[in-house]
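When the chains are written out, they are named A, B, C and D in that same order, and each has its own residue count from 1.
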């Protein structure tokens, strides 16, 4: 393309200086307030100050000389959060934690926090607290999604549907079974998410290289006090005994972040499969994701009801897969006791992965509430394909009557291919497969017999109903005692 | 580059025809026989035939007319495996399962297998059996790796080491603690692997779209018999009750494959971190991965002992991360009841991910057995950096003596920076930090006091020892009852 | 799942020892002989020996003492390639290049090759030669794909088709335009592939750390001779002047590999989009990928003609995306002058990425030759949706007649939504949109006017034809002088 | 971890409502104002309005009835940008473009924009304009980076350095050569970036499914006018003739986005390699990235000068690799004429990839300006390793004197291994390799001869100087005529 105006000459000033703020698009457009609050800069500063105070109080209780008025002074300014002032400090020190220490101390008029701690004693624990709270939000929305899915599965339990493999008609199933299929995937991923949460491990106060030397020096080598201090902090973080890492360096192992992001990507898969299949069904007018009140479709083609929310769900999943790549890049890349080459990556991937899964689940919940099933179209489709769908039944009947499996297969295939070609090329007005099969002596089945098989086939959906009931039972075990099952999504863009 | 010889004009003939076979490089060069056997084409054909026979016997037991001589005929030719003959059939039918049915039936002289089944009833279950067996091999090698790590941690428990953050000297730790750090990561990933295995779900016999209609027709709609048939098959696969998928389509959800591959990538992270850090240590001649008997180093620089095995471990991890991307591409991409767009991907990613982790763990075990620790060099390094490493202690002492934390920090930083610059520029012959600090009145510490702090600091490795003992205790719980802990690796390339 | 049989206890022996070889599945099942020959182990050994000989002859010509009988002795055994013997040597030396030097020298009875060279002087150049030849194969198949696409675009140039956005009917286009859309994508990627080939840079003979010190020592510091030696080698590799890297270390930058793999992934996108859309069209029976002679469909549903080749194309693309991740992991991860942490990754990703794109293009060529268009179905679909498809025309007409754009949009949307709902719920037998619009006074258009708009709309496909002709013109420039345009694929599995 | 407080119960309200804004962290902390301005929401709205006006004026010039006062009315409110008001509209319509049309029309008091256009006619072109401008910024910073690298290469052209492979000492090189190595990689990637920019193709005005039907209807089927309209728009976008896509659907092919993001990842590789190697060198105190004025190091270890900027560069690269995965997910996933499943992904990946590369290059420029070389340490290292580094020279001398290459290799290896072991284990005080070799009769070289070889080897850096000069010459061709070479970075966090 052509050479560009001089205005494009790069300006070295920082973005923040321009006043033309770029918001995090996932937070601004898609995530909920609940999730965004966990990851907001103000929120993180609050969590950090709370952690410093928890440490300070524990240090006092364990015998360090910290006046109550000092603690009170810090507590008084806890909510006095001014990110701009902190960033101004950071522009001088080039050290984000240092800047936040200075700001908090300046406000409180004391220099008592962060004793016996290193930067990572602060940041690792606060970030893990964010992850843990965000995991809990995800878990609850996953429960709610299961609850909504159960409702849909129940509603469509017995509606016969043309099951498709390779995207073409294959055998009858039910619409409820189709939803249950994605529900079973979600249920499995949900269980794994719960296992992840249950096994989540927090770094704790470990010092610069993980040996707790700084804290030990602070307490004159009293290991018991250091142990108690760390337990107090873990308790503050909500981690029960046994959920701290035992032997870490400056950082906790980044494969733990990878496990978290992978679990989100796995959890997204059921809803994403449902969304993709709903997009396919919309193409056949069998179902649609519905419209919100006031929603406008394509400006040029007003009749169109686009699967924009379902497309967005698939888009969120693509984003999460990129986050998996980012998180995987950090795993296995620790040098000695650690460094901050992971820092900028985690600043992006941890919030964004949770904001993306939050947007995905929220959008999925809206789709589950608004979606429409076009039963008339589903019936038309079954009527059209039924002769093909019962060919397995016809094959079995022929085999039962003594015809070799391979021969029967060959006859049915020949006739089916011929019937479908004539129809596709306009040589037949409708599906005439049954008549063709009746006329083929090799199969040995009469037209009345074939008609009977067709009628038996109509509505024959195998074990679909039993499978549905079994799945609902399993899913209910997860949701029944959980108030999150009642969660309803807000409005989405 | 230049135009190329005519020999490069593409030839459309298939590779197999050329006789110039390309082996799977991971299997040929790196994986063990035990893992390769699970994924060999012959092995897979055997597993398929065993599954067909298990189904056939179950069908007979449940009342279908299958003569014992039929079963005997199939059993007789079970091991009569000729991949070339099968591939010749596939080149006609363009259907791999069909080709294998034809071959097995032709050999047995009967047409009784695969009744009431579709292709996926065969392939999904056999592939899951391969995955499950391979997971078990990985689990056992992970146990062995933990066992070897415990030995190393114990051997180096008390050797003081210059801990590094940002790749520069930070504080003392111990070499045992460094290994334990990677051990704690592996232990956590190991527990998650075990959870994955425990929660692994098998598809079972579900028919073309998941409704078991084919099997139901075979048994005249007798749901109980179909249920028993599937239980028999699950038992054959080694899956206890409750480990079958409830509501699937033609395929089981591909997020289950993603979970498997992710778990392998997570498990690789501890060994990969150890390998990367060992490469760094080799650069400082603190440790090396050792040489096997007869091994040749760089041809031009014979004194070099390259960390080629450790580099390879990191390479395996990079491969696994690519496999994670491949597996993630399949998750959330199911159309309706499924298709085979995943087929070629799974043919690559399932074997290759397991062959890669097998090579990684095997190489890691060799490294753990052969590695060398150069204690002399480690001591030299500690001596050199000790004055810097005790600055935290000096800072605390100054703070304890009433100097403000920020001021003390500033003084130490100034003097440390000056000392290190003079040394780096050749202006000082050795590390003269202590003398400088003694001469700075702001700090208020005398040379003898500083000397005492230095001596206290030598060998002061904080909680490293306690953390090590605690980690060993946890790791022993995993390995103690497990015979796999005794596994020793073979020789590697 | 349950505890497993003892047979699963890992066996440490190498896979190769088991005799149960696992072939490279991409080479065995999908790639062509032409591509596989480039990457076969035997082929690589031959290329290496040819390079050694080229170096040896150049060294002789530049004055080193190398007897002609020595060269003759090496030439005599050039084709005496025994991978098993070489691997046996490697199992002792743990050094692959060393093993291959020993084998070649043992066969020739001399020790004269590899003088003044290091391992990477051999392997980097040979691997780049493989890459370059493979790129040329890909380029030619890309030309052939463009040629076949032109034929399809011409054949379907004027067939009106219901264009779909969001997978639902939007406006008319033509089938030829749809193919051209994917053709334009391929053409753009093709041009970028050619640029990549034209700018491909070869490492040359640079020695252990890139300074050519070994070669300089061999020629007593005669820089001119070393320069000539390298030019001779570059000429042997087919690289014209200016295509060598200038300043490399032990290895050439791995971002060059990333560029190659990315280009393959980009090139795959047009065919992959075509395949995905063909899978969607098959679901509406508008087109199909066709059957090869003798091909067998689904065993249970013989009438089905599955888009298995198109699904496979999408699968290949997923594999390539994983290869992009693998290659990206190597970029920016060079330590100092280099190491071999990339080795195992490149052993996998370089062959496999080319084998995958080869399979993808070959499969795509088969689809382009075999695919079927069901014109009768395409006509039926247009008839059904036409009233909706002309709503833009109706909107413009209303706006032209003075109705506000937003109002007209609102009216049409209302009526369209109502018409489609009634139809979907079975309340109307057919699409009655035109009658509804005629009855809505706000729009001010009579039924005859609307009918006229409908007839004008039938076959109105905008600039589709002109765009097609323009694209064909551009694509012909690429293919016209190129004999590769005539390439026809072999048979595929 | 434990059950969590009720405050974690998800709140369905949107994040925007909470007032607790989350900024885009890459824009806020790392990118420059110049790059951020391209991607700011306000900036994008401005670009859209400018495009609408360009279309409107062209339509007027081509004969459509558009009053000049209408155009003036729109122009008057062009800068009246209120994202909140637009978002409020979007919350009703659920259609972002619709909301922006309404806002602009409401402000202007007319309904004349967007005629004959669909949403994508607006958004695709504006987004491509953003991409193109951002590519130009990247190109200029890449030029500046090359300019700074030339300066460094020249400064360190002749400083002998211990070249390392496998992270251990291998042969001498020069520090300038090491930088040039990464410069050559950047230069190659830079050329490919320029090719990408030169071949970048813009979608233009193609209508809902790509056939330009809407525009044709607006001009009563006058194809010439539609062609002129599109040319006017391409000119407005800065795209010369031949840079428009020929045959697209609703969207341009997403492989074009993949090409862009891949090119950024490739471009990042040279700087990322330099950063990684500088981190390694810092570990040996050979060089450091320097400190900015006022910068604070580790709070607990004030003497530490951490490679935080270099670590951050590597972090940016990891992010970009994740973006490559995201972009690759969109390539080959177009359904028919297109949809918006790519929308949310592109909202993330396009800005973020450019913000990341901007931060990476800016940080790289700062490192190139601030970095320090510790020549004293580099000399010490050379002195220590020299006996090992000249072993190739010794090998050649021995071979020259008639000793077999393999034997000489074996002798040197034996003695080198022994010397290094004794030193590592503290049995020798210094490197005594030369004395050992002199004492080994098999080699036939006396101590004086060996000493001479050592002195010859000191400063022998092969072709490093010539390679450097050659590279500088090539790099100068790129930067010489370009004012961007003078660009200096601003301050970074």
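Rule of thumb we're sticking to: a residue touches a chain if its C-beta (ideal position, glycine included) is under 8 Å from a C-beta of that chain, and two chains touch if they have at least 3 such contacts.
Predicted, not measured: the structure shown is a model, and the values here were computed from it.
Chemist: Along touching chains only, what is the step distance from subunit B to subunit D?
Modeler: Between subunit B and subunit D, the shortest chain-hopping route counts 1.
Chemist: Have a look at B-D, A-C or A-D and name the one that copies the B-C interface, over half of its contact pairs being the same.
Modeler: Matching pair: A-D.
Chemist: Indicate the whole-number Å distance between the mean C-alpha point of subunit A and the mean C-alpha point of subunit D.
Modeler: Here subunit A and subunit D have centroids separated by 29 Å.
Chemist: Centroid of subunit A to centroid of subunit C, CA atoms only: how many Å?
Modeler: Measuring from centre to centre gives 31 Å for this pair.
Chemist: On a C-alpha centroid basis, what's the spacing between subunit C and subunit D, in Å?
Modeler: From the centre of subunit C to the centre of subunit D is 25 Å.
Chemist: Could you list the positions in subunit B whose residues touch two or more of the other chains?
Modeler: In subunit B, the residues touching two or more other chains are 164-167, 170-171, 207-208, 214, 279-280, 297-301, 306-308, 311, 314, 321, 324-325, 329, 335, 339-340, 392.
Chemist: Mind listing the subunit B positions that touch subunit D in their complex?
Modeler: Contact set of subunit B toward subunit D: 164-171, 279-280, 282-285, 297-308, 311, 325, 329, 374-377, 379, 388, 391-392, 395, 409-410, 412-413, 416-417, 419-420, 423-426, 433.
Chemist: Give the list of subunit C residues in touch with subunit D in this complex.
Modeler: For this pair, the touching residues of subunit C are 111, 115, 163-167, 170-173, 177-178, 180-181, 183-185, 188-189, 191-192, 195-196, 199, 201, 207-214, 216-218, 223, 226, 245-250, 253-256, 258-259, 262, 265-266, 268-273, 276-277, 280, 314, 317, 321, 324-325, 328-329, 331-340, 392-393, 396, 399, 404-406, 460-464, 466-468, 470-471, 474.
Chemist: Which stretch or stretches of subunit C touch subunit B in the complex?
Modeler: These residues of subunit C touch subunit B: 1-2, 4, 8-18, 20-37, 39-43, 90-98, 101, 114, 118-119, 132-133, 136-137, 140-141, 197-198, 200, 202, 207-208, 214, 237-240, 243, 279, 291-292, 294-301, 306-308, 311-312, 314-316, 318-319, 321-326, 329-330, 335, 339-345, 347-349, 351-352, 355, 359, 362, 483-484, 487-493.
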